[in-house]
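Quick notes on the structure that follows.
Labels run A, B, C, D and E following the written order; every chain starts at residue 1.
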Amino acid sequence: MFDNILIYFVLIPLIMLAGVALSQNIKQIRAVAVTGSLALTALSVYLLVDYLALRAAGETAPMLYTGSWQWFAPLNINLAVGVDGISIAMLILSSIILLTGSFASWTIAQPKAFFLWLILLSTGVFGFFITIDLFAMFMFYEVALIPMYLLIGVWGSGKKNYSAMKLTLMLMGGSAFLMLSLIGIYYNSGLFSWNIVEIAQDGNISHSWQMFLFPMAFVGFGVLGAMFPFHTWSPDGHASAPTAVSMLHAGVLMKLGGYGCFRVAIYLMPQAANELAWIFLILTGISVVYGAFSACVQTDLKYINAYSSVSHCGLVLFAILMLNTTAMTGAIMQMLSHGLMTALFFALIGMIYGRTHTRDVREMGGLMKIMPYLAVCYVIAGMASLGLPGLSGFVAEMTIFIGSFEQGMIDFLHGHGSLRLVFTIIACCSIVITAVYILRVVGKLLLGPVQDDHHRQLTDATWWERTATATLIICVAAIGCFPNFFESLIKFTFSPDIFKVLGMIQ
Amino acid sequence: MDSVGSIIMYVIIALSIVIFSVLAVTARKILRAATYLLFTLFATAALYFQLDYPFLGAVQIAVYAGGIVVLFVFAILLTSNPGDNSEKLESKKRVTGLIAAIAMLLAGGYALCTRCCDLIMPQMDSATMKTVGETLMGTGYQQYLLPFEAVSVLLLACIIGGIVIARKR
Amino acid sequence: MNLNILCYLIPALIMFCCGVYGFITRKNMIAILISLELMLNAVDINFVVFNRFLFPGSMEGMFFTLFAIAIAAAETALAIAIIVNIFRVAKNIDVREITKMKF
Amino acid sequence: MDATIQILILAIPLFMFLLLGLLGKYLSPKIAGILGTTAMGVVTALAYYTAFNYFFSGDPNFQREIIGEHGETVVEHLQYIVFNPVWLEFYGNLHINIGFMLDSISAMMLVVITTISFMVNLYSNAYMRDHDGVYEKGFQRYYAFLALFSFSMLGLVVATNIFQMYIFWELVGASSYLLIGFYYTSPAAVSASKKAFIVTRFADLGFLIGILVLSYYTGVFSFMDFTSAPVEGLADTYHISLDTASTVLATKFAGSAAPMFMGCSVLTWALVLIFMGGMGKSAMLPLHIWLPDAMEGPTPVSALIHAATMVVAGVYLVARLFPLYLQETTALEIVTVVGAITAFYAAMVACAQVDIKRVLAFSTISQIAFMMVSLGVCRPEYHHGVGYMASMFHLFTHAMFKALLFLGAGALIHAVHSNNYTAMHGLRKYMPVTHWTFLIGCLAIAGIIPFSGFFSKDEILTACGEYSIFVYIWMSAVAALTAFYMFRLYFLIFWWKEHKVHDPHHAPHDQPWPMTVPLIFLALVSCVAGFINFGDFVTYNGEQHTFDLDWTVAGISLTVAVVSIAVAAKMYMKENPLPDKMAAALPRLWDWCYHRFYWDELYMFITHRIIFGLICKPIAWFDRHIIDGTMDAFATVTNKASWSIKGLQSGNVQTYVWIYLIGALLLGTITYICLI
Amino acid sequence: MDYSQFLAMKQEIALLVVFLLVFLYDTFMPKKAQNATAAFTTVVFAIFTVLSIADMFCPCSTADATAFAGMYVTGPVIMAIKNILNIGVLIVLIQSIKWANGEFMIVRRGEFYELLLVTLFGMYLMISARHFLLFLIGLESASLPLAAMVAFDKKRYESHEAAVKYLLTAVFSSAVFMMGLSFVYGLAGSLYFSDINLMIFGENSALAVVALAFVIAGVGFKLSLVPFHLWTADVYQGAPTSATSYLSVISKGATAFAFLVVMVQAFGMFYEEVWQWMLYALIILTITVGNLFAIRQKNLKRFLAFSSISQAGYIMLGVIAFNATGVASLMYYVLVYIFSNLAAFGVIGAIENATGKVDMDDYNGLSTTNPRLSFCMMLAMFSLAGIPPFAGFFSKFFIFAGALQQGTIAIYILVLIALINTIVSLYYYLLVVKAMYIKTEEPCQIPTFRSACTERLGLWISVAGILVLGVGAVFYNYLLEMTTSLGLFGSIM
């Protein structure tokens, strides 16, 4: 069991949990958190390199590093692990955000409990990304959800009670549908297997069952992916959450939704995905512009960013539903990009809030003069968000648009309706709206004259804050500058001979 | 074809069962209600006798009429406050009670009438005490040693429970 | 003229319904207990009648009744103990008064 | 061929950006300035070398000799891909490359950009400090942004494919944003930068969709596949080929399942959408509104970005795809119409502005519109496509003299600390160098022989005349207005009345050498650039061609210009009430011109009232109250239900058993009813 | 008359031995030694439990047995469920020692344990009975002494009220149940489950349906299925906490299994057409109504009462599944539920014993004063809500999986409704967590105190169960392998 590298993605967090639990003071806790997350980052980077090497050596299995250990044997439930490029991308994302999140919560109150929950949450996240067993996946998924409640409830701000409850309940609502769908897949695939790869390859879920189970699975994960109209937990939840939690949640947890939508809903039930895509295309297409428009008039920084996340994550689901290699690659890129960028955003907002004690943009102004480092980072995050070339957002969005447009035109020219085309163009419009709200905030918050004289005494970022933000910015820029590397990592999964499902559709 | 005598007997028993039951639940005074209950129980015992279950009838009289009703009377005397002997029924309660009773009656009546309406009493030999005893003490099919032992435990427990509860401390 | 099975079952049913009615309408807990006795008794009759009319060969119904009487006795004893007990605490046995715990 | 020089051309500015951006605050401003300027000087030298090499080395990669229509030998400039690595792959042949293409227009642009950029870098060393020599706060940052801009702009012009162009297109937008908002504490600058970015972003949306359409149909991004054909025997060399463009049209578009969309061919749609991007960057009506506001940035920035280089990107884009546009002349007609209207509009507005930078901004809009019209009216059959050449020629000359004017204006502003001519008047004695160079700039833009503007504008008017007499007259009128408002500006700044000196010790004076040297250099260029035979370098198909001056057209335009200048001199040379009278005589026109035809107000209305008021706010409300309200309603309803059924648990045993019994009976009854 | 048949009833007889030991100890030991009655009971019962479990795994023991001509059966699965109950009872006993040693309990702690053991005996009978008379006696043994246990807290008026309510409704319910039995008897002529199942095959008369409804009502009463549940909250609230915890887990668990046995063995033929749909409706009602009531509760015991009502609904999914997986899932659910709920009751009991406070508002900020108790409570709540990695998640998942194995679309809808209800239940479980961890603005009403070592032991066991039972798959695997190898009917004989 321990010879499989993937298992360490769960073991390290567990060791961290123990370490934090045994820590005596905040320094030890910080040390454990940073060391652990550094180890995870290193591990994921090693995995990336090794994976690419294996692929280069001609490895063609859909999942590598697979391992399977019996768990609930009579029900065929195994702790099956395995990763492909997408999972690795997500693992890197998660570990980086955990690392930066640890830095961002350097001075949190009640550090022990906070880090315990935070690490438990990341255990769930890592577990989710490494498993290929539906049951284990679902279990880790829920493990990742519940610590949110306490993290927001105890360390949050504002309407934290309401938000924490709303977030938890809505996400659990999603997972209710999900659970039904997963069990349904188990019984109806004809294999009595929970293994995703097995089901995808040999499973045969009948058409009518697919039509029943697919929407459940998609909605289930879609709630976490902030799909309209199930996104309303996101603004409140993010607004109330403490910095690191917002980072992790928007940066990683919302990706669980997109990842799951792809890995479970579409991967296992492609026919239904193809036939029902239109419903969800409309919903996610709405998400994209709707979130952006909503963000335009918000005054709370976190609300702005939360709505922006709705928009960006909407784009992820939207692209996934294109069922098109390019668009799906773009979707994964967008997950990666949005994860890093939104984590950066939330980190910065948290740092600004920690200083000014307000998140209302109307009460702040001219912060560029007062805290130039944070302000510059904010501008960079904003630029990434509005898709400036050289940063990650551009690459992801362009890939999505190219792919979606391709699929839209294919549909259109083959007489399958112009829905995809129309919504692609609508989604493209989001780049303008994004610019509007990002620049609005940058203009109001960072530029212009100093709004509140009390702010003049505030200090710029501390070293740990600099570490957190700089790490994220470097990652954002790395993706933006060398996209082909990341796309080639992801694309392999989508290449038709591996992904027979998509090959069938196209 | 039943004999006239048995029909008359039946009518008397049935009527007294019905009438005393009704009276037992409608009597204002609680002591009277207990008395009507006693009559009902007697009528039931009579019914058992008529149906050729003398042993059962005897038990009915001994346990129910002899034991339980006496217990009731004691309880009534122990718990009666002067003045609350007669109770007045709220009409709302009465309506709900009637609804429940009639619903039960209709449902049960319908169920019984549709399933077993035309059966008449077959002939049989009344069981001897020996058979009764053997059945009670037997371990075979339709013999009841185990329930007998089990019910003894139950009764023991009820005694303990009763004592604990009734004990003042 | 034959007395068919219903002639016995219906009075028992009426008795049961009287019990139900009594349980629901009476205030005095002893009266409620009396109603319960009626219900149990009605069940006993049912068993006996079914045994006699349908399955005269066995004594299943009869023995059930026998045990039911024993159980009823136990129940009654316990119930009376509890009622007496509550009478000590609450100084009355009106069932409508013992509604402190609700909703 | 060794690509080191070309790599360096792109890499040095990028490196400078990173260096100054990350470590700038550890450098003294002086060193940062010198570093930035030097680096740009090096880039300029490299660019000159490259361009010289391209045009004059005779390398077979760069030019070849072919047999022309009439059997003569013609030199044809070729397109050479210096390097072109893949940056991002999509599907099939669709991949973005980041490359370096050398052809006649990109070489020309390299020269223009690096020259102006170097001038501006030099100039800013002095401009970005006050009279006591104290550097402005953020000086290093300024140089970093300048370097970023240079990098982006260079990347844009050497793009080998349309997506690379889009990438750098966005980057220049961002650097423009950063530079306009350089004085970030000023709300005006902030809102101007925001406006510039958003308006151009909106235009870029069109560009993007255009790219999507084009790339879907053709399956490629590369310009080479749209407009050129490979030269046999050379791997990375292409020549411009109208045949390729028509093949693209015929096989990819006309032959597709849906060649038409809403009455126009899909290619037209694609080209018009792409042109929309150009309209945004080049500030064509109705997307021009950002450019005047962009003058909030430092003046050298205006000179570099908003006069000489970035704003002509739209023209460059159309020129780059010109063979495709030639396939669908509908798109070119749209270009013409938009250009013509914009040119006239901007000229009108320029006549009524007070802020000298605004005048120059509108002048820029008008002149870019000239270039657009020139492209729009260009047809191969008209005088060997003179419009294309004229457009590029004007781009070149305009860059020089408009940069000159802006830098001159910068010197003035630096001297009097105001943007308005009302604070200037009669400065000619105080600032002679500025005065003379400014005058040269004005003469050039007015089209007075022998200054450069005369030649380029004349070619444009010739092209217009070939295309349609109406367009010719229209554009001549614009030319007349141009001469008028420029000299209005000139006279109001340098003449009108004596300058009031508030403080004799700080009388306006000529600026230090870093500021005057660029002025003199650019003035010299403006004087001589007109004599270049531009047809030797740039033509629509790359074949050298000598364009002769049409003296009829030249004479007319010269006359018109002189008359306009005379009118301006009459009105503004000496203080007199004539201008006020004129304004009073045409109050409506004056107001509209002064208020720029209320375009800003219209946009304000659309963005604030309609987009914010009728879309964003209702959506936000809808989200909070309807969607979120529904989610909350689930909770509320559950809670309400909880309270409303609490009566079941009444505490009364009798109710309990009643419910029990009825429940049991219902259970049986309903099941039974369902069963039978 | 083969009295050796009694030997098949190893567990029952052993239990009676325990009962007798306690009885004798309590009656005849000197006053001083009587102080140790509680501990004595616990130890003896622990020994019994260990032996009983050991017996289950002992290869030499005869697993299957049918005694008294099929009236009594036992088998590996039945032994397993009894042992599950034993474990639960053991925890209850451990947790109740502190309370039983209270000053007030001196005179009747022995009786408390005697009654408790008798009710457990009744439950054993319910589980093993394959004859309705024995079943009835088991049912009554399991419920009548409980009434006495409910009334144990003589100081508190609520305790008496609860006892009255419990007894009256219980007797009413058993009357209805017996009425139903009489109809069954009228139809089948026998009260043996196997006979009934044979005789009523194809029967779809009103009498059969009504009989079935009454039987379900009678057993559903003990399970507190809606609408037969109304006594539950009042009784749970009024009874002493030890009795409540016993009532809520052991009684419920035993009855759930017994219900499964009755429905499958006696009425298995009716599954498809009749009782599946009855149960369908009841499950929806139970889960929903239980949840709806639980939302507003302030008294924690009452709160847990409603929560246990809705949990009963989930348990019933294992019955409606009508397959071997369902049986295993049901048993597993009961096992997990025992640990989760007893952890919650353990905390409540400890706090009640120390301070007498049971209201949720009193728990505000408990984490600041009693972090460990809060932690236990939180784990219990999460487990009850079905949050991984705690055992409750697994039990819920498997019970759903069991139900869905049945495969009709109606079951899918039922499970969906149940799942949506888990959201509501999560809400109120989180309310407790919120009170303890989030509402920390004001100082906590409950001071810091150290709970008795027995209480802590009980909590440790419960928490260990919550943490281990789910992730450690052996428990469920064992049960599932057992039931699948025996089949649905075979596993419950």
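We adopt the following convention: a contact is a pair of C-beta atoms (placed from the backbone, for glycine too) under 8 Å apart; a residue touches a chain by one contact, two chains touch by 3 or more.
Being a predicted model, the structure only gives us computed values, none of them experimental.
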{"item": "Partner chains shared by subunit B and subunit E (touch criterion as defined above)", "value": "C, D"}
{"item": "Middle chain, criterion being Cα centroid separation", "value": "A"}
{"item": "Pair of chains ranked first by number of touching C-beta pairs", "value": "B-C"}
{"item": "Longest centre-to-centre distance from subunit C, chain (CA-based)", "value": "D"}
{"item": "Centroid-based (C-alpha) most distant chain relative to subunit B", "value": "D"}
{"item": "Inter-chain centre distance, subunit C versus subunit E - centres from mean C-alpha coordinates, in Å", "value": "27"}
{"item": "Distance from subunit D to subunit C - Cα centre to Cα centre, in angstrom", "value": "96"}
{"item": "Averaged-CA centre spacing for the pair subunit C and subunit B, given as whole angstrom", "value": "6"}
{"item": "Centre-of-Cα separation between subunit C and subunit A, whole angstrom", "value": "64"}
{"item": "Two or more partner chains touched - positions in subunit D", "value": "635, 646, 649, 651, 653-654, 657-658, 661-662, 665, 668"}
{"item": "Residues within subunit A bordering two or more other chains", "value": "169"}
{"item": "Multi-chain contact sites of subunit E, meaning residues that touch two or more partners", "value": "133, 137, 140, 144, 147-148, 151, 154, 163-165, 168, 172, 176, 179, 183, 186, 190, 206, 209-210, 233-234, 296, 427"}
{"item": "Each pair of chains that touches, named by its two labels", "value": "A-D, A-E, B-C, B-D, B-E, C-D, C-E, D-E"}
{"item": "Contact footprint of subunit E on subunit D as seen in their complex", "value": "635, 638-639, 641-643, 645-646, 648-649, 651, 653, 655-657, 659-665, 667-668, 670-672, 674-676"}
{"item": "Of subunit C, residues touching subunit E in the complex", "value": "16, 19, 23, 29, 32-33, 36, 39-40, 42-43, 46-47, 50-51, 54-55, 58, 60-61, 63-64, 67-68, 71, 74-75, 78-79, 82-83, 85-86, 89-90, 95, 98, 100-103"}
{"item": "Subunit E to subunit A touching residues, read off their complex", "value": "325, 382, 387-389, 393, 397-398, 400-401, 404-405, 407, 409, 412, 415-416, 419-420, 422-423, 426-427, 430, 433-434, 437-438, 440, 473, 476-477, 480-481, 484"}
{"item": "Subunit E-facing residues of subunit B, complex", "value": "107-108, 110-112, 114-116, 137-147, 150-151, 153-154, 156-158, 160-165, 167, 169"}
{"item": "Complex interface listing, subunit E residues touching subunit B", "value": "1-3, 5, 16, 67-72, 107-108, 111-112, 114-115, 118-119, 121-122, 125, 131, 133-134, 137-138, 140-141, 144-145, 147-149, 151-152, 154, 163, 179, 183, 186-187, 190, 192, 205-211"}
